Structures are given as structure tokens and as C-alpha cells.
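One structure is given here, and the rest of the page talks about it.
Order of writing sets the labels: A, B and C. Residues in every chain begin at 1.
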């Protein structure tokens, strides 16, 4: 943008600094996870993988990890189905009802999560719905639905309307049109949205804290552990989570980036 | 080519979107096997007609009959018509072969038969070697031909073409016009072709339906709409007709006279019952084409003549257009078209010329 | 056949399918929000709920000397966070937008990856960096700026401010980057061609055109910061009390749901006001053609 190279070097340096600021809180615990911990202070002279061994035998964490997976996968499946149905419906015409539906779906995304969480908490109590992993799944679905819906709708709207018309014109039924024309063109958006939704669900803390019963997900488990003071296996867990998250990011990027050209 | 048997009829079809009337009382009969073109400026309602026949829109009132039976209840996918879309609407995730075979596949046709018929259709549009390609790897003209192959493979009764050549460059468009016409002759299927390009319509159509503002202005062969325009709109839409307004006079020996600022003009009226029946003194235009004007007497029994001054020349390649100012009761300008020669045309600006044109090339258009 | 505009007979045009599409959002978004709004007008005393509608919760909020100042303090804090993130985020976005080719998107991705890292872990890590034995104090000791570790960085509002700023920087970078990216390079060339210096081009062309994105960034960060109760809970200590924490405590230790609901409604009003202000001032005037 600017051709002033001194200015550019300054900007590059500043950007590097911000990157360090952003990555510091991620890499410090990972680095510490490979060293021994003595009274809360890392001993950098004593490398060890003990933290990982402790982690692997920490029953509470493993259960929380399993819960997180269950919740994440369920929320992804629910939000994909609901998001797809809503996007197809919204795209099939114009009406006040459609605009209202879209507004409702966007609400939990606009409001702070604490409000979504509290609203669900109060609602579940009023309708006598016991808090459990099911309520957590509902909460997460509500939370990620806007994103999934939006991603699918954008892709749907990028498809020429005449593609659907052409399919009907050639004799296809509504289902055949969905199966053969729309779905193949939405697959990558679905995978991308699904991965992103999973990543959001994986890390969702505020809503989960409010709507969960006795079950813990990984973030709420971590939250509880850290308030009580920490153990070395937390650092190990951070490393594991980072690895998983990075993998998910790469997957999401792979499917959400615009394709260079169709087919080869 | 076309028979007199009717394939499709539109009866008093109207269409409005909200409070906007797009089509008003359209009556149109399409003959089996003909190449019919709906021609009109954008917003004339021509695409709406096509979309209603295809089933993409339903008429606000009126009927669409196929072989005499109302097809309104039939949804798009049950109508024996196929469409070539303006943007081609090729499925980007399917190969050329899969695109072309789609209509057969969704009908549950056996794979072996699909393969056979796809290769036949691709051979017909000269794309046999492109079966495995994706639409993104094709040129505009090739995509156009895939869209055509996809539309003809189900052997529809009628093929609807929605300005399919609009996106192509001039050279390719000329080529595709001939190509489409050949294909239509070969598969003996009725083509309903929508365009805003009058040259395209003239080059391809058996019959042209000229549309404007939701009404059919004229329906007839290219010759008819070109030489016997039914009204002022059609007269102005095709080429740059000279239109001189005047009042109708008597008919003598198949020639009807009109009193204009240029004097009394003789006009042929064969095939124009409306003009023949119009009352004395009715207002009308005398319409004659720039290329009908001659600088020397035509030697014809009934001819018109006038004198004027060349005011401007514009060279347009094969011909040169000249503006001629005529000193009549009110100032008038006529357009004159002369063949170009290396040494130039026979006139120069400022020259006084006499113009002659035959009564058979001077037509009346009622106001 | 209906006289209405014909729609291809997709499943979604049928009433049962339409009902199904609406069912979940109504059951689990609209109704909960309605219940939540209703709760803010209930009253509870010594564990006994009264379902008669009352404004007492709101009256308590405006009359009690505690809540209004905390809300004001929290708003100021979140505004500070928003300005700090934009201050840090703008140069980064500008640098990213000035790059060409793949590297610009790779760096942008790298900027966003920390967002997907566990929020709780990041708070915890920042707390340990800010703490007595943390990296910050060590660096200051090493530089000789201080003689012994400082404790002013943790368990107070400063800690909340610093932590939220670090956590939310990517949310500021993204909208600013998107608005900068949309500015055609030809505008800069035109400005230079007309004799403007690099600084003049920035001040008169780039800055005004990226203003909508910058305001979006401010709104975005403000809304995220004010809704957060995890960060203040973890690094705020006794003095770092924020509005979000108070709300959360109504559902935990204080156990007064109607009052918590009323406080949340007030939070929602603040958020809606922030979004509305952001929309009004962030409107892209150059796009209104």
C-alpha cells in the first residue's frame, strides 16, 4: 500500500509484536508442559513428559473430553440439518416470515452468550427440562446455528437460480434437484461450516456453564480446575487441544477457501 | 418445415407481478415444427412468455394449451419442454456427459441407454471429444452447445431458448445462428427463441412475434414484419424506416394514396386489409426504407418522387447512409442508402438530388 | 392452480416443512428469550418466587448505590478495551492488507487461529504471564526497570483490561482488514498521481474509507468484552468487579434469578444500543449509490 519502506518495516515489526502477544498465551503453557513444575514454578532445567502421563490417567478430563466430543458432534449434526432447512426455506422466496426466521436465528449470535445461556437456563427450569448433556447440546446448537445457516445461505445464493430451474426443466423432482444439484455444490460449505461449528462448540464455556447439569465438558472442567489452582496436566492438555484445534482450522480453511476453478 | 398442426396455444394470457402488468391478453399459436422467434426490447414481456410456457411462472389469467389440453396444472418437471437458459445453467460439478445425461438419469433411464444417447447428442452438437470435461473448461460457444445438447436429449416437444446467444461475440453469434437453425432442421423439433436482436430474429425464424410493452405488435414471417410493418412500433424497430405522416386518400387499382408534406404518395396495400379498410382522411404513415430510394427514375408505372439536398454522409462499409433535407411544407429529413464504391458514392454534401421509389416499396402504417 | 407466482414444488413450500423449520428457533431461541424477559419482572425473596409482574428488580438496580456505578465502570472498561484493540489492530490490518498474494491470507489465518484456542486456557495463560512469577515481571526485572516483582498486573481491573485486549485483538483486525482490502489500489495511485504524499493519501483517502470497518471493530470488541464474565472472574480478583460477574453471581452464589434476569435485560439494552450506534456511524456512505 505504502511505498515508504521504513514505514513498512515499522508495520511489520509491530505486526510481529502483536503476533507474539497473541501466541504467547498459547505457547507458554505448551512449552511448560514438557518441563517439571515445582510449587507452581516451571523448572526449565528438567524436561519431562510426566504431565502427559498424568493427563492420560486423569479420569475427569477424559470423561470431559468424551462429553465435549458428544456435544460437539451432536451440535454440528443438529445445526447442519436445521441450518440447511432454514437456508433452503429462506432462499425459496421472499416473505415477512422468512425475514423473521432469519432474525430469530441471528439473535443468539448478536446477544452476549451469557444472555443466551441465562434465557435457556430459565426456560429449561420453567418447562421442567432437567439439565444434562442434552440441554448443553441444545445450547450449543442455538449458539452455532447462525454461523452454519449463514455459511450455507451464502453458498446457496452464490449458485445461479437457473441451475435449480434447469434441473426441474429437465424433469427432476424436488428431491432429485436437492440430491444431484444443490447438495454437491453445498458439500464443501457444509464441511467448512461443520468444522467451524465444532470448533466453536469445543471451546464454548459461558453457555455450557449455565445450562449443564452435573456433566462437564472440557472447558467447564478446565474452568473448575483452574479456579482451584492448577496441575501440570493442564499444560499438557493445552498442548493436545492446540494440536486438535490447529487441525480443525486447517480443515476449515481447506473447505471454506474459494475454489480456484471447477474440476481439473 | 413446419406443418399447420398446432402444437401450443396461448389464449388470452395475462401476467402481472404485483401491480405491474407484464403481459396483457396474449394470443399466440405455435405450429408443430416451426422456428418461432419472440422479438422485443428488454421489458417487453418476451422472457415472461417463455417462462410461463416452461412452467417457471404461472399466468395471472388465461390458458396455455398443449395439443388442445390445458397444461397449467403441470409443474415444470412434468412438461415435455426443455429450456436453454441465458446463462446456460450448466451444473458446474458435473462433466459435460453428466450434464447432458441428467434429464435421462432423473427419469430412471438405464445407464447403457444414457451413454448411447449422450454420445449421439454430443456428436450432433460436435462436442464428442469433450464428454469428460467440466463446464468451467469450455469456451462460451461450447457451453452453449452443451446446453443445447442437454435440452434436446429428452426429445421434448418444444425447446425454449432464452436469449442463448446474448453472451457470445458477434462472429460466434453469426456462426451459432446457422448452427441452431441446422440442428432445428435436423431434429425436426419446434424452437421458441427469445431475442432482442432483430437481425438474429430475421436470420433464424420461420415466424417472428414482435413484442412491446406486454403486447404482441405483429406476428408474421421475417418478410412480412420487415416489409409490411403492422404499426409504427414495428416500422421503427426494424431498420431505419423513413416515416412520413399524412392523411389517407382514395384507393385506385390496388394503390392507396396518402397526402403528406412530400405531396401525394402512392402506396401498395396488398396483404394489409386494415389499411385497405381505413376511412378516408384517417392519419397514417407512409413507410419506405433507405435502400428503396433511387437517384434515377425506377421506370415503374406508379412511383413516388421528391427533391432534396444532401446534408450529411456516413460511410458504413458496404453502403453509405445519406441524410437528405427535403424542402417540403415543413422541413423533413429522409434517410438514403447507397452502395459504396472505391471512388465513393454518387453524391456529395450540398448536392441537390431527385429521389424515386416504387409504390410497392412504400407501405402504409396506421397511426 | 393458484394464481400466485409459481414456485417450484420444493419441500420447503409445504406447510408442515415450513412449520418444522420454525419449530426449533421458536422453541429454543424465541421462547427462552421471552421467558427470560418475563423473569425480569418477577420477584424472589428468601427463596420464594412471586410470579406477579413487578418493576421492583429494575427499581432496585437504579436505586441501589452498587449496580449503576459498576455498569458505568464496566462500560468505560470495555470502551477502553475496544480502543486499545483497534489501536493495536489497525496497524496490523494495514500491514496485512498491504501484502500481496498468498502470504496475506496465510498471515490472516494465523491471526485468527488463536481465536479457536480454548478461551479459558488463554485467560489462564495470560494470568500466569501477568502474575508475580510471570514473564512480564521477569522481563521488567531483567530490563532493570523494577527491583522486585509487581503485583499491580493481576487481580484488579488493569488485569481485566490487559487480558481482554490481548484476547480480542483478532476481532478488531478482521473487520478493519476487510474494509482496507476493499479499497482499490487505483485510489492510492490516483491520490499519489494528484500529488499527495503517502501521509496525505493515508489521512485523506485510506482512513476515511476504512472508517466503517474500524467502527464495526469497536462495536464488535465492545459487545464481546461486556458480555464476558469469565475473564473478570479469573483475573479480576476482589477489586475487578464487572457487570457480567454480578449477573453471573445472581445465578450462582446470590441465587436471585429474577434480579439476574433484570440485570441481563439491562445488559442486552446496552448491547443493542452499542450495535445500533455502530450501525449508524459505521454505515458505508460510499456504498450508498
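The criterion applied here is as follows: contacts are C-beta pairs under 8 Å (C-beta built on N, C-alpha and C of every residue); 3 or more make two chains touch, one makes a residue touch a chain.
Quick caveat: nothing in here was measured; it's all calculated off a predicted structure.
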Central chain (by mean CA position): A
Chain whose average C-alpha position is farthest from subunit C's own: B
Chain pair that, of all pairs, has the most C-beta pairs in contact: A-C
Distance from the mean Cα position of subunit C to that of subunit A, given in whole angstrom: 17
Centre distance in Å when subunit A and subunit B are each reduced to the mean of their C-alpha atoms: 57
Rounded Å distance between subunit B and subunit C, as computed from the means of their C-alpha atoms: 60
For subunit A, residues contacting two or more additional chains: 165, 168
Shared interface positions of subunit C, touching two or more other chains: 8-9
For subunit B, residues that touch 2 or more chains besides their own: 55-56, 75-76
Contacting residues of subunit C [partner subunit A, same complex]: 7-13, 17-18, 20-22, 24-26, 28-33, 35-36, 39, 88-89, 91-92, 94-98, 105, 107, 109-114, 116-122, 124-126, 128-129, 133, 135, 166, 169-170, 180, 185, 188, 198, 202, 206, 223-224, 226-230, 234, 244, 247-248, 251, 257, 260-261, 264, 267-268, 271, 275
Residues of subunit A defined as touching subunit C within the complex: 1-4, 7-8, 11-12, 14-15, 18-19, 21-26, 28-29, 40-41, 82, 85-86, 88-89, 92-93, 97, 101, 104-105, 107-108, 110-116, 118-123, 126, 138, 141-142, 145, 164-165, 168, 174-175, 177-178, 199, 203, 205-206, 210, 218-219, 222-223, 226-227, 230, 234, 237-238, 241-242, 245-246, 248-249, 253, 257
Of subunit B, residues touching subunit A in the complex: 54-56, 75-78, 81-83, 85-87, 89-95, 102-103, 105-107, 133-137, 150, 154
Subunit B contact footprint on subunit A (complex, rising order): 160, 162-163, 165-173, 176, 180-181, 184-185, 261-263
